[in-house]
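Below is one structure; the comments refer to it alone.
As written, the chains take the letters A, B, C and D, and residue 1 is the first residue of each chain.
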Amino acid sequence: MEDIQCQKDERNISIDRVGVKGLSYPVSLLDRSSGTQNSIGQIEMYVDLPRDFRATHMSRFIEVMHDYRDEITFPHMKGLLKTIKRKLAAERAEMKVDFPYFVEKCAPVSKVRSLMRYDCSFHGILDTVMDFIISVKVPVTSLCPCSKAISKYSAHNQRSIISISVRFKKFIWLEELIEIAEQSSSSDIFTLLKRPDEKFLTEKAYERPRFAEDLVREAALRLDKHKEILWYTVSSENIESIHAHSAYAFLKKDKRVIKNPNLSE
Amino acid sequence: MEDIQCQKDERNISIDRVGVKGLSYPVSLLDRSSGTQNSIGQIEMYVDLPRDFRATHMSRFIEVMHDYRDEITFPHMKGLLKTIKRKLAAERAEMKVDFPYFVEKCAPVSKVRSLMRYDCSFHGILDTVMDFIISVKVPVTSLCPCSKAISKYSAHNQRSIISISVRFKKFIWLEELIEIAEQSSSSDIFTLLKRPDEKFLTEKAYERPRFAEDLVREAALRLDKHKEILWYTVSSENIESIHAHSAYAFLKKDKRVIKNPNLSE
Amino acid sequence: MEDIQCQKDERNISIDRVGVKGLSYPVSLLDRSSGTQNSIGQIEMYVDLPRDFRATHMSRFIEVMHDYRDEITFPHMKGLLKTIKRKLAAERAEMKVDFPYFVEKCAPVSKVRSLMRYDCSFHGILDTVMDFIISVKVPVTSLCPCSKAISKYSAHNQRSIISISVRFKKFIWLEELIEIAEQSSSSDIFTLLKRPDEKFLTEKAYERPRFAEDLVREAALRLDKHKEILWYTVSSENIESIHAHSAYAFLKKDKRVIKNPNLSE
Amino acid sequence: MEDIQCQKDERNISIDRVGVKGLSYPVSLLDRSSGTQNSIGQIEMYVDLPRDFRATHMSRFIEVMHDYRDEITFPHMKGLLKTIKRKLAAERAEMKVDFPYFVEKCAPVSKVRSLMRYDCSFHGILDTVMDFIISVKVPVTSLCPCSKAISKYSAHNQRSIISISVRFKKFIWLEELIEIAEQSSSSDIFTLLKRPDEKFLTEKAYERPRFAEDLVREAALRLDKHKEILWYTVSSENIESIHAHSAYAFLKKDKRVIKNPNLSE
């Protein structure tokens, strides 16, 4: 049977990424509390394609994914990317897995337990070196400092999504990034709350008013201190309760670069 | 050229709806303030298919849509559905158009003007009679009465989406339904607010605490009073600021049916 | 601490549904091949609210969900709904769970194995009786009979989504509905295919050309024959390869109603 | 009334982007055929925030958007970004507008006319210089060369989305990028087709089989030749008809960089 993909291509154009996208697959992940967690990944897998070849062999990505589905972890993703490079004769392999991740939380006063969902991702690229980024999206409460300062009582507050991505030295738990986001908010949020918890969180948020700008700076202070983190981005999208659009803030820092604090970046 | 669609079908199964879905088309609508408004419709168009025919002629829906795109209004939609019935030799024609609709609003204190988007829809079915439903989705603020009552200060609040659908006698403006939803909320919301407006809305919401249940009941009281409305549904989805899920309430009423208030429905 | 929710409501309006929506939670399901399958549910839970009460107690839904998360099956969902009725003093409890469900499939020629995702749902309502609907969305290939008949060679084909919902007597596997949808298509589809499989499926689809209308009628014939099924709806949305919109067909049948085939419905 | 936003910030962290996101607003655009086109923009607007200030003034973005809504064009966007820089005392202003854009197309044989939707965007950043990117997403048909080569008859085909982004010298029409994408496909697609058109497109696609890799290379050849284009990215996502996931290819080229074609990039 003819292998059209292997035909020589005369157009002299190399392609940065060829592969599969929108693939949904069950995956098994490391979980700090319970060892492993089952989840469902939304997957992209790519290689580079040299100018000489017409096309890649898409089915091989799926074969590799199927083999590795029980071990989507930092060390195994390197093995997975190596396997892709070899099987597809590529110089560069890339994979992104987006997945929901659940953490059991305990309500602040009643101590009732429930699971919170965080949308996370692993993104790895292997050419001669491995580059790896992990990301979390953390829903929190933000309460507006301006609204609090100018109003007779109360302040508008809302659900915000704090997103953090990091490059790191050896290893970092998703839970560590989630904690940094939650500590940086006006208040963290929970799936199950009883009335004493609701009172506690309402008051806590009012005592810690924070703009989108404050949320990302608070997170940046914590990300700066974390020894394992080499590089990060952090954003907050506030789903404003007094508008139908969001307020947004974003910042990026590479700790590997020596900075002169007297110069603006 | 063979007309496969017209082949006789032997399976003896009539089909309730055949047609097109996910069609995006520019439309022109009636606007209470400015006469007409340009928008972009997301369109579904269907007919019934008798048991004898293999398939319908999908291209005819597009021809009709193209002809009617400048007059997506209640009276013209009846003409459109009649045309579909005739062109497709159907007993029943159906059309749903979802579209964003913008209304200029004036901030409560500063009086600055801006446009608010409301996601609306028209849904018409014509067989021997015409059935027609219009719907609006209105973003508002809700402030939790429980949180206010139990907390030392403040109360959690959030963006909520109040959805209203109605059947009516002669004519009703989208703007009337939008006003009913906004009046039923803790506070309506705006695209552009200056600080005195923000203070006003923060305080207003605190003075009008409302559960999802309150929002739909408040809207129901107003929908009950509106003489033109024969039937309605109303729901509120509160995008909770202390949870990552929503609180929700929904109710339906047919005013054409005589009700005995002593009996539960 | 005051219980605002329990306040007497004077507006004299009962509410059809109050509860939670947009809740994401890990669930455990029955799997025909392997006993159980872990998945992630997107959850709605509601009760009715009598005219006398101001609001419901939203946290109780989460408590019940947390307790039942390891047994989201037909028999357990009845228990879950009973528990909700009792805990929330309601006449009527409702739950809808949408979840991805994976089935291992074997490619037709190469016999390589991979997992296919199907988006499914369970929808239960318990008042004095239990009403229960299960649904599947099945991606398949459809190939256009008209395009085949009028063209010198080839025919346009595309991914279609066949959706089936059923009420049943005692029990039915999701896998049975998935098989009905796949058998009704021009060809079923797979996550992993080698070249001999691709040849097989290309030719199979060309030999079984089917309109959206054919897909739902073919499924209806099979659903009619299935003894366990009492009621069904089936639709097909064809993501047309020659248009940017979809072709769509839908039909509904209640086998419990005696029909006179000489009368149009 | 206190200006909390202007408070001095002691955390010594500058922020890359602060502003608004998820804002929907009607916009007016340049249209090659008819002069102007009304559309609805999905808008993001940002400035940088120096380390000394606590927060930005979000309402000013909306004021600028409201003033400029009737002229979202390349020259006016520079004015808009200048106005933002001035009003918000920023070093850098950024705006992204995503919008549907409709072009009238004429079917290849019947010559019937209909409107096709293309999702487009303008993305501008102004600091000391102006950087500007325009993008289009173009739905087309792709037909698989492998499936054609190995099958007795037919070939699987599907809707694909070709995305092109460019930086340019003076001016370029969205329509030029749309044409490049459509010419690079197996066949372009239409909203309204009669049977002779369907035959024409079915045969055309079979005569021009193209992988995702071919689509981006064909587009790259045309983008290379276009004198006005300085830099581009092009991708194709094929919504596979034999899989539930997509095949994908992406490449990027900066023509401003001198390249040695003997070296791999």
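Operating definition for what follows: contacts are C-beta pairs under 8 Å (C-beta built on N, C-alpha and C of every residue); 3 or more make two chains touch, one makes a residue touch a chain.
It should be emphasised that the depicted structure is a prediction, and the values quoted were computed from it without experimental measurement.
J.: Among A-C, C-D or A-B, which chain pair copies the contacts of B-D, with over half of them the same by residue number?
T.: Match found for B-D within A-C, C-D or A-B: A-C.
J.: Would you kindly say which chain has the C-alpha centre located farthest from the C-alpha centre of chain A?
T.: Of all chains, B has its centre farthest from that of chain A.
J.: On a C-alpha centroid basis, what's the spacing between chain A and chain B, in Å?
T.: So the centre of chain A lies 35 Å away from the centre of chain B.
J.: Between chain A and chain D, what is the gap in Å from one C-alpha centre to the other?
T.: Inter-chain centre distance comes to 25 Å.
J.: Which chain A residues touch at least two other chains?
T.: 1, 23-24, 117, 146, 150, 191, 193, 195, 199, 244-245
J.: Given the complex with chain D, which residues does chain A contribute to the contact?
T.: Within the complex, chain A contacts chain D at residues 1-2, 4-5, 9, 11-24, 44, 46, 49-51, 54-56, 58, 91, 145-146, 149-150, 211-214, 216-217, 220-221, 237, 244-252, 261, 264-265.
J.: Chain D touches which residues of chain B in the complex?
T.: Chain B residues touching chain D: 1, 3, 23-26, 38-40, 59, 62-63, 66, 69, 100, 102, 112-115, 117, 191-196, 199.
J.: Using the touch rule from the top, collect the residues of chain C that touch chain D in their complex.
T.: 116-117, 139, 141, 143-144, 146-147, 150-159, 187, 189-191, 193, 195, 198-199, 201-203, 205-206, 239-245
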